[in-house]
């Protein structure tokens, strides 16, 4: 299983609501890049975040071990800067080895959660 | 990052509910094409909107600067004509340079919002 | 715009809830194949519906004119047989000319609607 | 219809909520891989499940007859081990013959259900 995926992925949609009706980590409004590294080698990701009206920020660096998945919340990114809330953004994820990326948002601005998900775009 | 994406994208689903339970811009029912221009050159988009029972309308012209994302709401298109509410439509987006397009609807006909999202179809 | 899309599309997910909390056509639980024929020629679709435990049914025949979109509800298919409710199914859509297909469900079993959407799989 | 699809599919997102507000099978929180085998031969699937912090589990073995669809719930997998609840996972599905795979979650942690769906990633 060492060749599943691609090395560059893009996610045009990004938006983290500042508001949640729950403080339970599972139910706090969040956006995630779900990453699968099915291969035999650890990978170092480089993530760039793009905005509507200012320069991109990054790269954020994240490690995904071999034969592991990481459901990375954009909410948790800190270095070089947190991802602002209530702000449109987009992202590009580069990896040393082939990975697969799926984008998910859990939105709990309402008492009832809402979900969206799609594969990211495999650029290379 | 100058080559991420494609130059023609299609979104077969389109439907803007006329009704929303909120007047907050973030929560008004809307459909968006989230566009990432990760490259080094500004792009001019040409958007055609297709209907079930009449000729297509467009092109709508929209600019996305280099290294920026635009979360374009179909609700906001005005020229040559607003996109009608409560009406099935589809769209094709052409760009001078490679971009990535993701389609999202936030539906707030109910007091509780509902979300859908998918990558658009990369035609070329 | 005569070459946007593919001629065979597959949608593995299919499920029409028999229950809806609304009788408004817009809000009745439904599954749709949103089809864009951006080209210059009318197309005749042939749709096969697959089940878990019996032979496929079809072809259903549907026409989509040139430069039009059709948001086809599986609920509305009648000939050769209606699509059963509360039953897992899948579908394959064949077209004479290139089209683009997106799959959407509006689920109103609850008082609050829920939505899902994804591009169909372009087989050819 | 013997060649629709691919033989390896990846789903990076996986999460089965332990909580549901309904005990009706249709409305219990679940994750499904909706699989279409439109071809003429039965296929034997091999499913590997990946985690964030331990070795993958599998292969789970599942059969899909020719010209049938299977909406497989990860909740129902038992051998070699149930898929843990409230835990991030990912999956890779291998098939003897071409299939198409779509990923769906129905989340009923709230009284009102929420849905997500996307095509899986066709690796080969």
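By letter and in written order, the chains are A, B, C and D; residue numbering begins at 1 in each of them.
Going forward, contacts are C-beta pairs under 8 Å (C-beta built on N, C-alpha and C of every residue); 3 or more make two chains touch, one makes a residue touch a chain.
Please read all numbers here as calculations on a predicted model, not as lab measurements.
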| item | value |
| --- | --- |
| Centroid comparison with chain D (C-alpha atoms), farthest chain | B |
| Magnitude of the superposing rotation for chain C and chain D (Cα, nearest 5°) | 90 |
| Rounded Å distance between chain A and chain D, as computed from the means of their C-alpha atoms | 22 |
| Centre-to-centre distance between chain C and chain A (centres being mean Cα positions), rounded to whole Å | 30 |
| Set of chain A residues in contact with two or more other chains | 111-112, 114-119 |
| Chain B residues touching chain C - in the complex, by the definition given at the top | 8, 10-15, 17, 48, 50-53, 55-56, 86, 88-90, 92, 103, 105, 107, 109-112, 114-121, 123 |
| Residue ranges of chain A in contact with chain D within the complex | 1, 3-5, 26-27, 32, 34-36, 38, 67-71, 100-102, 104, 111-119, 122 |
